[in-house]
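The structure appears right after this line, and notes come after that.
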Amino acid sequence: MPSPMEKAGILVEALPYIKKFYGKTVVIKYGGHAMVNEELKKAVLTDAVLMKYVGMQPVIVHGGGPEITGMLKRLGIESNFIGGLRVTDAETMEIAQMVLVGKINKDIVGLINDIGGTAVGLSGKDANLLVADKKLHLMRNPDGSEEAVDIGLVGEIREVNPGIVDTLLKEGYIPVVAPVAVGEGGNSYNVNADVAAGALAVALNADKLIILTDVEGILADRKDKNSLLSTVTMQDVPRLIEQGIIDGGMIPKVECCTCALQGGVGTTHIIDGRVPHSLLLEIFTDQGVGTMVTN
Amino acid sequence: MPSPMEKAGILVEALPYIKKFYGKTVVIKYGGHAMVNEELKKAVLTDAVLMKYVGMQPVIVHGGGPEITGMLKRLGIESNFIGGLRVTDAETMEIAQMVLVGKINKDIVGLINDIGGTAVGLSGKDANLLVADKKLHLMRNPDGSEEAVDIGLVGEIREVNPGIVDTLLKEGYIPVVAPVAVGEGGNSYNVNADVAAGALAVALNADKLIILTDVEGILADRKDKNSLLSTVTMQDVPRLIEQGIIDGGMIPKVECCTCALQGGVGTTHIIDGRVPHSLLLEIFTDQGVGTMVTN
Amino acid sequence: MPSPMEKAGILVEALPYIKKFYGKTVVIKYGGHAMVNEELKKAVLTDAVLMKYVGMQPVIVHGGGPEITGMLKRLGIESNFIGGLRVTDAETMEIAQMVLVGKINKDIVGLINDIGGTAVGLSGKDANLLVADKKLHLMRNPDGSEEAVDIGLVGEIREVNPGIVDTLLKEGYIPVVAPVAVGEGGNSYNVNADVAAGALAVALNADKLIILTDVEGILADRKDKNSLLSTVTMQDVPRLIEQGIIDGGMIPKVECCTCALQGGVGTTHIIDGRVPHSLLLEIFTDQGVGTMVTN
Amino acid sequence: MPSPMEKAGILVEALPYIKKFYGKTVVIKYGGHAMVNEELKKAVLTDAVLMKYVGMQPVIVHGGGPEITGMLKRLGIESNFIGGLRVTDAETMEIAQMVLVGKINKDIVGLINDIGGTAVGLSGKDANLLVADKKLHLMRNPDGSEEAVDIGLVGEIREVNPGIVDTLLKEGYIPVVAPVAVGEGGNSYNVNADVAAGALAVALNADKLIILTDVEGILADRKDKNSLLSTVTMQDVPRLIEQGIIDGGMIPKVECCTCALQGGVGTTHIIDGRVPHSLLLEIFTDQGVGTMVTN
Amino acid sequence: MPSPMEKAGILVEALPYIKKFYGKTVVIKYGGHAMVNEELKKAVLTDAVLMKYVGMQPVIVHGGGPEITGMLKRLGIESNFIGGLRVTDAETMEIAQMVLVGKINKDIVGLINDIGGTAVGLSGKDANLLVADKKLHLMRNPDGSEEAVDIGLVGEIREVNPGIVDTLLKEGYIPVVAPVAVGEGGNSYNVNADVAAGALAVALNADKLIILTDVEGILADRKDKNSLLSTVTMQDVPRLIEQGIIDGGMIPKVECCTCALQGGVGTTHIIDGRVPHSLLLEIFTDQGVGTMVTN
Amino acid sequence: MPSPMEKAGILVEALPYIKKFYGKTVVIKYGGHAMVNEELKKAVLTDAVLMKYVGMQPVIVHGGGPEITGMLKRLGIESNFIGGLRVTDAETMEIAQMVLVGKINKDIVGLINDIGGTAVGLSGKDANLLVADKKLHLMRNPDGSEEAVDIGLVGEIREVNPGIVDTLLKEGYIPVVAPVAVGEGGNSYNVNADVAAGALAVALNADKLIILTDVEGILADRKDKNSLLSTVTMQDVPRLIEQGIIDGGMIPKVECCTCALQGGVGTTHIIDGRVPHSLLLEIFTDQGVGTMVTN
C-alpha cells in the first residue's frame, strides 16, 4: 500500500491532466463488459464522478447490454430476422425502451448519485434530444441489385437538440442518456448507442468522445496484445480496414470516431472497458489505455 | 359551431384567469381513467401545454395505472399479500419501475412534445428528487395490538430535492415525474403518486395542487351527482370523514390535500379526470369541476 | 352561449397559434374607427393585453383621430393650406402634441392598465425614440416643374432609437407610442402614424406589422365585400395600383407594408378595425380578417 | 474668467461631493420660476444631466406652472369655486393633463435630451406609477362643524408603483414625472406635485428630496434675506409654524419634507430655484442654497 | 513506484474529500520552513493549485521569513529595542514592505503561475483590504504598573474589506496576501501574518484556516513526537496553556485559531509545514498532519 | 477665488467632455517629475480618481524613477555596462522589483485610496499580465556588423493577458501596474514602462493612451516653448524624426504611440506632467496640454 506521501505524489502527478481538461466536455459511450460486472460498473461511474469534481463535463451515453434480450426471452417474444437482422417491431421496441430507460438508465443514475455525483437520466424523447428517421436496411439480392428492407423501429439520427444537456451540465448535473430516439408521430426508435454518443458529442461541440469496448483497442496483430496502435489518424482508417486490422464490430466504432472528428470533436478514443478505471487512466496518464483516433 | 366572433369572446373571457395564474406553479397528479383513454389523455396533456404557454408552471406527477399489473401478469410474477396488501419484492419493484419510468413516463413526455410543449421525464431517483424511507405496514393483531409488517420496497417520502424541477421550469420545460423514490443504498422504492405530488407541491412552494380522479369530487350524497361540494375547508374534513361523506379511496386523497395546504400550498383541488379538459375548466372558469380543499 | 366544453375546445384550438407566435414582436398601428367607438376600443386593447399574456410582445402606435381637429377648432386656430395640404405651424404642432401625448396616449395607457396589462406611454421625443428631418412637400407647378414647399413641422423619420422600447418589452410592459418625433433643435415634428409604426417595426426587427383600418382590406372589386384579397405579394403591388384596385388612402398604407417587409419585418397585415377583436381573429384563426401583404 | 488651472481646481474641489453622492437617488421637485425662465430652465436641467453623468440617479417631478391656467382661459373654461377652492371637473382635468403630460413634460424631456442626457417622460398613469383616491375638502361650516366637500378630480396618493422608475434608472435614463395620478375606473386625478415628489422619494427609498421654490428657503426674519435657516430639524417644525416663521405656501412644502423623512428619505431640501444652478450649488458646495429639513 | 492501477485507486480514494470540500474557502497561513526550502515551497504551492482545481477556494497569507532581517542587515539599518521588542520605524517598515510585497509575494505568485494556477498578489493596502490601528505595547514597570509604549508602525487589524478577495476568487484567481496593513494617513503598518490570516478567514466566512508551522502540532509531551494531540477544543485551550502543553510561540497561533472559530470559521488547523504536501495530507486523508482546533 | 456661480459654470463646461469620455478606457503612463514632486503626485492621482467617478476607466502604469538607482547605491551594487547600457543582472532585477512593486506601486495605491478611489496594485507577474521574452541588445561592431549582446533580465513584451485588469475595472477598481514582466521559468524581467503602457492599451482596446513626460510635448523649435505641435499624425513622424524635431528620449515615446495606434487605440497623447492637473486639462478642455499623436 502506498504511503501517505506517495499518495500525495500521485495526486500531484494528476495536476497537469486536471488542468488540461478543466471545463472540457467529454462524451462517454458506456457499454459492454463494464456495464455487466459490478466492480467495473462502480469503477467507471466513480471515474465519471471524479471527472465532474475536477472540472470536466462528462456526459454518459449507455448501451443496452444483454438485459433487453433477457427480458424479451422472459416474455416469450420471438424475434423475426430479415437478412440476418432482428426486426424491431412495436412490442420489441416497447420492451427495449422499458429496459433501457426504466431499468439500465436508472441503475446508472442511482449508482452515480450513491457515489457522490448528481445524475439525471434522459432518453432521446426527453425535450426531443434525439430525433430519428426510420432506417431501412439495404439488402443485396441474389442478382446483385440492392433492396431497402423494413426492419421496424430502427432509427437513423436526423437531429440532435442538445439544449437540455447543456442546461443540466451548466447546473452541475451529470446527464445519462439512453439510446432511444423519437421519430415521426412521437414513435420511439431504437438507435445505436455508439452512433448516438457520436452525434451527441458533435452537437455538444465536445472535446472528447470515449468509447468503452471489450477489446484492448486496435491491434496491429490481433494475436499480439502488445501490438496496440495507440494512435490512428482518420487518413489511416481506410488502409487499416483494407488490411483487415480494423474489422468486424470495430469498423462501426471507428466510423463513429471519424464522424465525430469531422463534426468538430477534438479527439476520440476507443478504450478497453474491461480494465478497471480505464477512463481515469486514459485521462490522467500519458500512456492511455486504448487507441486514439484523431485528425 | 361557435362563430369566429364567439371564439374571440371566449379567449377574452379567459383573460382574467390567465392573468390570475400568470407565473404560478401548479402540480398536477395525473392518473386514473384520464391516463387510459386516448382522447382524455390528449385532452389533459393539451391542457398542460396550454397552461405552460399562457404563463403557468405545470408539473405533472403520474401514477401507474393498470399497466404494471399487466406486465407482472405477463411475466408470471405472483404477488404475495400480507394483511391484504401486496408485497413489493425486488422483482416486482424492478418491473414497476420499468413500466413507470420506461413506458408510461416516456409516453407522456412524447405526447406532450407532440402537442407542442417540451417535456422532460424524471423519476425520484434523478438528482435524488424523491428520497424515501422504508415504510412498514401497521397490522392490527387479533388481540388488538399493532405490529409493523415488512411489505417490501414501499417507501415513505422523507426528503424532496426540487432543484432539478426548478431548473427545468426556469428553462421552459414541463417536468413529468414518475413516482419511484430512492432509498437506502440506492434502492428504488415504490411511493404513492398522490403523496408524491403533494410532497413535491410543498417542496416547490406551489400555488395549486390538482388531483385528477375518477369521481365527480366530494358528493354530499353519493347517489346524487348534483350534490357536489365545491369547496371543503381543512376544518370540515374530520367531520366529513366521520359522517362517511369522505370515505374509501377519497380519504388518502383528501389527506394529501390537507398535508399540502399545511405545507404552504395555496389551494388544492380534487377534480373529475373523466371530463375532457377538466384542467382547463378548473382553471379558466368560475364553476370548476370538482372539490376545492382549502384552508 | 357555448358550453364549458365548447369553451375549452376553443382555447385548445388557439394553442397552435399561441405556440407559433410565442415571443414574437408585433407592432400594431391603432387608428380609425377602432379608436373612437368605446366598445371597439376596449376590444382592441383587450386583444393586445391577451397577446402579451400568451407570450407575444405587442407594441402599439396610435394615430390622432378627430380629436386634434376638434381641439384646434375649439381654440379657433385656423389652418393654412398650401396645395391642399394643411400647414403645421408651431401653434398647431403644440396642440397636436398635447392631444396625442397628453390625451389620446394616456387614455390608451389607462384603458390597458384597467384591463389588466401594464402599459407605458411614449412619444418619439422620449429617449429620442423617433428622430425626424423636416419634410418638404413637392408641389407640381402649372408648367409641370416641381417645387419643394415648406408645410411646417411635418417630419420624415430619419432615425429610430428603439432601446427604450426594448427595455420596456423585456420588463413586461406594453409600450404605447404617440407619433410625435423630435427634430433639429429639439423641435417636435408631426409624423404619419402608419409610417412611424412601420419604421418602429423595422427597428425592432418585428415579426409582424398590423395596421388597423376602416375598410375590409384590399378588395378586388370595391363594390363586392366578398372580393377580399387575403394575400398580396410585394410584387403584385405596382400592378394593383395601376389597375386602381389599390388606390387613395390605401396606397400609403400598402407602401408602409412594403417598406417594413424590405426592412426585414416578417409579415404585414391591413385589417378591418371595425370588426370587434379583429386582432385576435387575425392572429388566432386561419381565415384572418383583412389582407396580408407579404414578400 | 478662471484660468485652466483654476478650472481644474474647481473640478477637483467637487470630487468629495461626487464621491459622497455616487449611486444615490435624488428626487427633484421642479417648479416655479425655474420652469418659466428659459435660462434657468436650461441651468436646472443641465445640472440634472451632470448629476447623472457623475453617478447620481436624478428623478424629476415637475409642476404645472401658469400654462394650465392659460390654456383654460384660451378655451373659455370657467372655474367653479367651493370655499375658495377651484373645482377640478372632468373638462378641467382633461386640459390639465394635456398641458402637463403633452406639453410641459415633453418640453423638459426634449431639453434634457438636447443637453446630452436621455430622458423618458412618465405620468402617474403609466404603469400605474401613482394611484390616487378622491380627495375631499374639509370645509368648516359657520357653526364650527366640518363638512367634506367634493372638489372634483383632486387625488390623494394612495399607492406608488415605482417599478417603471427603477427600470428606467437602471438602464441609464432620467425619468421625468408629470403629477397626474390614476384613480378608480381609470380616471385621471390631479395631485399636488410636491406631494407626488415626496411620495415617489419614499417609494424609491431616495437619499435626497430637493424642492425648487421661488424663495430663499426658510428665513428667520422674512424681511432679512440674510436670516436664512440653513438647517431645520423635524422637531423644530411645529414651533416654527407656531411662530409664523414657516407659513403660507411653505407649510405644505415643509410637511412634504417631514413626510419624506418619516418614510426613510435621507435628507430633504427646500432651495431657491431662482438662483441659476442652484441644484449644483446645493450638491457640490458646503454652503448650500436653501434650507435643509432633516431628522 | 505505484502501478497505473494503484494510481487510479489513489485518485478514487480522494473523491470523498474532494466532494466534502467542494466550493469551500480555505485560508492558508504560509510561513516558516515551508517558505525557505525550495522543494517544500513547490510542494505547498502545488497543493494550493490542486485544491483550486478540485473546486476549493484557497487564499494564501504569507509571512516574512528571514529575508526582511537580511535586507535590513545589508542596508546597515540598526534596530532599536524597547522592552525586548524591535521598534518598526518608518525606514524599517519601508524595507519590510519592499521585501514582503515586492519580493516574497511576487515569488509566490510567480511560482503558483508556473505550476499552473493563476495567482494575484495583494497587500493589505490594495483596496484597503487590511486596515490597522497603531498598536501600543503594554510594558510592565518595575513597580508593577503597566505602560503603553510606542513601538512604531506595528498595527492591530481594525477592519477587513474582503471585496477584492471575493472578486478574485469568483473569477478563478488564487489570492496571495502580504501582511502589510494600511493605517491612518495612508501609512503602512506591519501586522502579524497569523493574525491577518485569521482575520481574513473570518471576513471571508471561510470554512477552514490552516496555519503551517515548523512543529508537529500540539504535543502532549514535547519530547515525544508520538504524543500529538490530533484534536483540541476551544474549551481545552486554557487548561492546556496552564499545563504548559501549549506554550511559547504556539500560544498566539492557538489564539488565532480560537479567534477565527469565534468569528465563524468552520475548523482551524495547526499543521507541520516541514512535511512535504502537508496541506494535501491534511485535506485528503483521514489521519491529518497536525492538530485541529475546533469548537 | 471664483464665486459659487463661477464654480457651477465650470462644472457645467466639463459636461460635454464627461459625456464624450463616458465609459472609455484610458491608459496613463505615469512617470517623471510628476512621480517625484509631492504636490504633482497628489494632483495626478486626484485626476485619475475624478476620471473614475465621472465614468471613465483609468488604468495607471507607472515607471521607476530615481528610487531604484538610490536603493542600488545604498546596497553598493555596482552596475556593469555593455556598449553604454546597464546590465540587469539577477540582483539588480530583484532590487528593481522590490522598489517598483513593494514601494512605488504601493505608495500610488495608498495615495489613490486616501484620495477616495479604490486602487489595486498589480505587477506583470500577477495573473501573467505581462509576459516577456529576453531582449538582446544589438550592438554595432567597429566593422559595421551587428552583434546581439546579453544585457541580462531585460524583457520584450510578447503577450499581454489583460483579464485581471478587465475584472478589476468591471468591479470598480483602479488598476495600478508596475512594469515588471514574467519570462521563461517564472523569472522577472525589466520592461520599459512606456512600452508596457502601450501594450496594455492595445490589449485592453483602450480609447486613449496618455504618456506623462517632463517636456511640453513636441516642439517645432526646441528653444521656443510656444512652438508646441498640438497634433502630429503617424504619417508625419518619420519626417519629424529626420528633421530632428522628434529626437532623443522622445523617439521611443512617439514610437509607443504609433504602436498603440496601429494596435487600435483611439488616440495617444504625450503631455507635460510638470503642469498640475495636466490629465484633467487634457481631457476636460479643448486646448489640451501637449501633443496628440493620431492616425
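Descriptive notes on the structure:
In order of appearance the chains are A, B, C, D, E and F, and numbering begins at 1 in each one.
Following the convention adopted for this analysis, contacts are C-beta pairs under 8 Å (C-beta built on N, C-alpha and C of every residue); 3 or more make two chains touch, one makes a residue touch a chain.
Since the structure is predicted, the reported quantities are computational estimates derived from the model, not experimental observations.
Common neighbours of chain E and chain F (chains touching each): not present. In the contact between chain A and chain E, the residue numbers used by both copies make up over half of all numbers at that interface. Comparing the centres of all chains, each the average of its CA atoms, the largest separation from chain C belongs to E.
Per-chain Cα centroids separate chain C from chain F by 57 Å. Counting partners per residue, chain A has no residue that reaches two or more other chains. Beginning with chain D and heading toward chain F, the contact ring passes through the chains as D, F, E, A, B, C.
Here chain B touches chain A in the complex through residues 74-75, 94, 97-103, 105-106, 109-111, 113-114, 118-123, 125-128, 163-164, 167-168, 171, 173, 180, 182, 185-186, 188, going by the rule given at the top. Listed in rising order, the residues of chain D touching chain F in the complex are 2, 4-16, 18-19, 22, 43, 46-47, 49-50, 53-55, 115-116, 276-277, 280-281, 284-285, 287.
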